[in-house]
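Written out below as structure tokens is the structure these notes cover.
Order as written gives the chain letters A, B, C and D; numbering starts at 1 within each chain.
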Amino acid sequence: MARLFEYQGKEILSRAGFAIPEGKACTTPEEAESVASELGGEVVVKAQAWTTGRKAKGLLKFCKTPEAAKEAASELLGQVVTNFPVEIVLVESKLEIDRELFAAVIIDATAQQPMIVFSSLGGTGVEDIAKSHPEAISRKHIDIKVGLRDFEARELVRVTTLDRKFYNKAAAALVKLYKAARLSEARSIEINPLVITKDGKWVAADCHATVDDYSVFRHPELGIEIARELDHPITMLERIAYNVEKSDYRGTFYFFQMDQDIPENGKNTNGEDVIGFHGAGGGGSMMSMDGVGKHNFALANFCDTSGNPPASKVYRAAKIILAQPNIRGYFASGSGVASQEQFHSARGFVKAFREVGLQVPAVIRLGGNREEIAIEILRTYLADIGVPVEGYGKDDSAVFCADRLRKLVEEGPYNPKGPDPISNPDEPEDPYTFKTLTGSLTIDHAKCSDCESKPCVDSCHPNILEVKDGNVVLNISDEEAAKGRCTECLACEIACWTAANQAIKIDLPIDGLPEYLKEIKDSAPQEVS
Amino acid sequence: MARLFEYQGKEILSRAGFAIPEGKACTTPEEAESVASELGGEVVVKAQAWTTGRKAKGLLKFCKTPEAAKEAASELLGQVVTNFPVEIVLVESKLEIDRELFAAVIIDATAQQPMIVFSSLGGTGVEDIAKSHPEAISRKHIDIKVGLRDFEARELVRVTTLDRKFYNKAAAALVKLYKAARLSEARSIEINPLVITKDGKWVAADCHATVDDYSVFRHPELGIEIARELDHPITMLERIAYNVEKSDYRGTFYFFQMDQDIPENGKNTNGEDVIGFHGAGGGGSMMSMDGVGKHNFALANFCDTSGNPPASKVYRAAKIILAQPNIRGYFASGSGVASQEQFHSARGFVKAFREVGLQVPAVIRLGGNREEIAIEILRTYLADIGVPVEGYGKDDSAVFCADRLRKLVEEGPYNPKGPDPISNPDEPEDPYTFKTLTGSLTIDHAKCSDCESKPCVDSCHPNILEVKDGNVVLNISDEEAAKGRCTECLACEIACWTAANQAIKIDLPIDGLPEYLKEIKDSAPQEVS
Amino acid sequence: MSILVNENSRVCVQGITGREGLTRTRLMTEYGTSVVAGVTPGKGGQEVLDVPVYDTMFEAMDATKNDGGIDISVLFIPAPLVKSAALEAIEAGVKLLVIVPDRVPIWDVMEIADAAKSHEAAFLGPNTLGAVTVDQAVLGMMGGTAASAKDFFKPGKVGVTSRSGGITSSIAYYLSRAGIGLTTICHVGGDSIIGLPHPEIVKRFEDDPETEVIVLFGEIGTSQEEGVAELMVKKEVTKPIVAYIGGKGAKEGTRFSHAGTIIEGGKGTRDGKIRALKGAGAYIVEDFDDIPKVTSEVLASLESN
Amino acid sequence: MSILVNENSRVCVQGITGREGLTRTRLMTEYGTSVVAGVTPGKGGQEVLDVPVYDTMFEAMDATKNDGGIDISVLFIPAPLVKSAALEAIEAGVKLLVIVPDRVPIWDVMEIADAAKSHEAAFLGPNTLGAVTVDQAVLGMMGGTAASAKDFFKPGKVGVTSRSGGITSSIAYYLSRAGIGLTTICHVGGDSIIGLPHPEIVKRFEDDPETEVIVLFGEIGTSQEEGVAELMVKKEVTKPIVAYIGGKGAKEGTRFSHAGTIIEGGKGTRDGKIRALKGAGAYIVEDFDDIPKVTSEVLASLESN
């Protein structure tokens, strides 16, 4: 349910033919000045921010000259409003207002229908109007098959206190408002105030809109880069995670930061230990968060990999979580009894933890289908990394697991071994490479040909490897592998590493992460010289 | 139900996302050459004409070079096909055809619903396919509220003999076809053949479309100048009439020519006397045509003014009918018992006949509401024009009236008086002018002030005239008069002419008619010198 | 009895404040039609010819519901706005619409038809002059003024259904002049898709105890007349039908001013219609002026039975 | 007895030839679900796991109608195509849909809901793991494999309804482990508009003679739990309800991965839900791990009555 700024909401309205004030969104004072001068006359400079009552907060400034608009813009730009810095101001011609009304389209989840709301009074909060002047407001569910027809809109406004001379214009405006919502698949569009100007036009003076995250893919016209509502400006790490999510349709991946500024000792101002959190499934994640909360932990982040994600996705999620500096532990826990086969996740953890060189203790609760194998994988392949990683299953509660992490954190410090990837560490002499859905797999046939047992072939979950002339190769086409027949389950790499010649390297790049890590490292406080 | 050319139909398809061959409509051989050269490779040059079986008729030419395309275009352009000269050729890349199918959307008037028809065989007439391979065809009525959904389209094609590997592409194509029909409000769109190319694309190789005349006003994208289907290219006079029709919403006006080449003696090749025909109402007009047919008359034109048209419209229709040279009589007849007040029409005839200077006898059957007054008007104001004009009412049948015209025609020749308009013949000294819906009215106050009786004020049907300071003026605003409060009933002009000072002139221009008349006159056969 | 409308029918006029709306409301009320409401959005609150005007159909329905609501709505609305007005009337619960305007886009008509079907409503037209139940009520503009309508049409036992508006009045007048009285006369409308084509009207006449003979005016194009013949063959219509089919002089493929009068292939031809009706037992009149004579003979033969 | 599905229910899988469709069809059939048809447009004619595949739902309906047709369709379809597949199933006459996919656009869901209403059909989801009627049938992907589903869930008298898929299995497993058997367990789906929210599922449990106690897992956001409380107050639901509401740790306004878990003003808060349910007589469990204990006590008290 991504929120839009006023100017974006107005663009939606305008595309549906709804009148909006003349104006333009500006990012610099100079641009504001030039727009004001183009518009001529008095303008209003409006901070684009997710808040109400902007006038009272000084976030709207009326300006009689372009110079005044420039000054207003430079005052507004950069101000922080509810965590977000103002990056855009909307410069518009001032409206000559005759009266103010209210109109909105929202989705009524219980009725499973869109609803239109109209009030012949506007300007102030619609809840207040509903209390003080209920006769001014009317609302109606809309039949989604036929939309809002003009006669329905007229009937809607007729039962308010609107003067009947406005009925036809009101109906025309509401029909366009609904059309705007329908065309953009908005979750809500609210116009408050809807203004009748002195020359009789119906103009949207302000607009609050939210759109449906699930449909933005078919609305490039909305220009929404990241369809997600956060309570802070999106961080670099969140952007990196979002790109991973977007480029892999298999299962869910969701990541956001809750503490971007963890002190070096890993304790927040409440004295809680801040940990990386890796949930699985919405309900299970929240249950698990409740669990860790009981043990004096705070979360650096929220993360959810679920819906049968491939090992590669869990791997990337873990690497992103571990890119947060100064966390004191790693806690992964889902609902406890997952339907998905848990060994995929386990392998993702193994690859990530070894590659990064895990520095802090981790508790991984992998309850569900094939959890025994999953726990065994963690135990086997992470035993030597110098910090404890404990795996648990469905019979161990989230609270118990959080308690284990508490104990492990307190039992430290440990001697982490540092990075020790499970991939072929050498430049391959005789590389055999194919693409996977989100990365690539390279077998060094120079090493592979020496191997008698070929454990990788047996371990391959989708059965796409075979031995040919003593080497392991695909038994499907490269295209099929790249389209997803290779499920990136990581089993072959682990098998080759532990039971054969360490000939395989699976490369699963995360766009932007290396640069991000470098930047963090460079900007870390230097010792005073 | 205006017919579209192939290239126009394809434009509709293309707007809805339906694939059409690359190409362009051309009006000159040079343009065809240049388009062919842009397209590259083999092209087909197709005469844009309303006929089927163009290939057999040599109206499609495959060309391997731009020069050949140029030559083909010059052969095709100007050929006459079913009365119409070819003015446009469509030059398209030749398709590599794998198979040919058929698809159409038509309107089923009885079911009051659109219908989609699909055939897994195409290329030849769909009626033939229906007979020889009924299993290839399926059809379905479409719920107009929701349109054609992809799953319905799949089910539609499933019950034909189409190979199932094509189901999804077929459904996508049919959904687009319906969308094309819906968006353009077509009466019918027929794609035959619908081609699957060798590289698997679904392309409309040909397209026959007709659109709804009543909705073209909201489809400027169709570029239809005259929404009417005729069996000949539109004539200048028809175009003049159409512009009158279009610019006056009051009542119906419909005119087309049936004989554009009347010999000087007014007799066609069957020896029938050709007359000007002026009907009123579809049914009444046709009945009246049946009537004249019994008396060895042929029609120069069909004309219908009905639906309560103002006098001004009847006036213009009469002038347009009389612009046809060499007619032997004028026959006006409606259903016999019209609901509309007939004196309006009568005044229209009076003004037109006097202005033009009627040369031939006329029978005007004005049966219906207030017919007595109407007949009286004709009798009174046309008694002196030198040719007989007889008025009849509801108790006189069309056949009887046609018989009267026969007798009058045979009783000639007459001595027509020539033009003698009922308008103020002089340049006004003290003009008082206001606009009416389709013209203007001027009173010469220099003449008006002398008049005691002011019969114009009493005769004014909508009561918008009054005497002020001895002169007749509007008692409403100029704007109101221009918007239609002056109904152009012509009563004031006739009253002033016959009972007062001939001070009024009502000017009701007919765009293009003076120029047309001049051209006819100039091009009339000159006496051999 | 009668069909479509009688003196007790409660009628609304949509577009009552317009030029045509006003004129025809006068015709209707003066003739005796019970016009109980008018609707023009934005002009509610006034009275027109003593008829209260409302802003929406829902309001009109609501305001009249204690007195019996609204049975019929007559539309005098510009063609591009007809769809909205018709849907409003249908959704407000009106069961019969009379759509007078010409040139209503055909896809709009299909939407109206769809809505009518799902609300069990019917509509006469578009492009209809309306209907008259003689000496009881006028719907639309048939007759022009109350005085001429009273003068033209006399009560009796014959129902008239016609595809031409002017011809409806003509037949009704000529029958009345010949001493043959009428129940209801009805112009089905001149467009290719209409709400109540001949077969529907004929069925209603069949069910009307007062109508003894049906006079039908057909035209080339559409399959309405063939549909009537089918009803006769299936014995769903058993009353005698006197039919005249116009269009002798029409060339195939040439379009006259009715959208309906297009001959498409072999369907809808004059000959085909006459053959079908004759085959089904209708009395075919070849000469328009003979309609009263034939009708009178049919009536006489009914009485002698 | 049970709700939603039993061993006799005839099930279709839409998208049966896809990755998930194939895997979950195996789960369903191995568990005992009667999967009688699969549908993938363009891939009809083959068999998948002995299930015949059809090109359209209409074809599937037609092919199976002599054996009893199709009761339920489970959708494994990419989110952008769900609307079309769901409307097809509904219009073909299927009365219960299980819409597994995540991220179905909300306006599509409203269209599905509208079609379902007018065809008297219901749908579970979107974004649901499905439902299991223990030892009879699985719909969707709950349990992962037939072996684990058999292992996790034991039959008995308790119905489970949950807004979280993983938690549905968890509660069902922990109850089973504690010796408390189950009738049907159901994940209502994680989106803000879902076809069968808690109140609808609870009503079905009320009508199911075998279900004696209902365990409900709620979350912040939406008004589903408040709806259940209302049913209890109105006595439309009289069976005991054991409820746990998750989201203690959620900050207001912050969005977690369920679209539903948004707190809007005072509505949909954890406290409000608990208050409503408690007020209506539900047994509120504060500690997730206590669910089996409380359920067992409620069952015991039922028996002692």
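Going forward, contacts are C-beta pairs under 8 Å (C-beta built on N, C-alpha and C of every residue); 3 or more make two chains touch, one makes a residue touch a chain.
Note that the structure is a prediction, hence the values are computed from the model and not measured.
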* Structure fact -> A correct list of chains touching both chain B and chain D reads A
* Structure fact -> Most remote chain w.r.t. Chain D, using mean C-alpha positions, is B
* Count the C-beta pairs in contact for A-C and for A-B, then report the pair with the higher count. => A-C
* Chain centre separation (chain A, chain C; CA means) in Å -> 63
* To do: Between chain C and chain D, tell me the centre distance in angstrom, where each centre is the average of that chain's C-alpha atoms.
  => 55
* Structure fact -> Note: chain B sits from chain A at a C-alpha centroid distance in Å of 60
* **Whole-Å separation of chain centres (CA-atom averages), chain B against chain C** => 26
* **Set of chain B residues in contact with two or more other chains** => 145
* To do: Spell out, as numbers or ranges, the residues of chain C touching 2 or more other chains.
  => none
* So that we know how the chains sit together, what is the shape of their touch graph: line, ring, star, complete or other? -> other
* **Touching residues (chain side chain D, partner chain B) in the complex** => 41-45, 55-59, 84-85, 87-88, 91
* Structure fact -> As the complex stands, chain A meets chain D at residues 1, 107, 109-110, 112-114, 143-145, 182, 185, 187, 212-215, 217-218, 228-231, 249, 252, 254, 280-287, 289-290, 293, 302, 304, 306-308, 334-341, 367-370, 394-395, 397-399, 484
* Using the touch definition up top, name the residues of chain A that touch chain B in the complex. => 145-146
* Structure fact -> The chain A residues in contact with chain C across the complex are 149-151, 154-155, 158, 164-168, 171
* What part of chain D is in contact with chain A in the complex they form? -> 19-20, 78-80, 102-111, 113-114, 129, 141-145, 148, 152, 162-167, 169-170, 172-174, 177, 190, 192-193, 217, 219, 222-223, 227, 246-251, 253-259, 261-262, 287-289
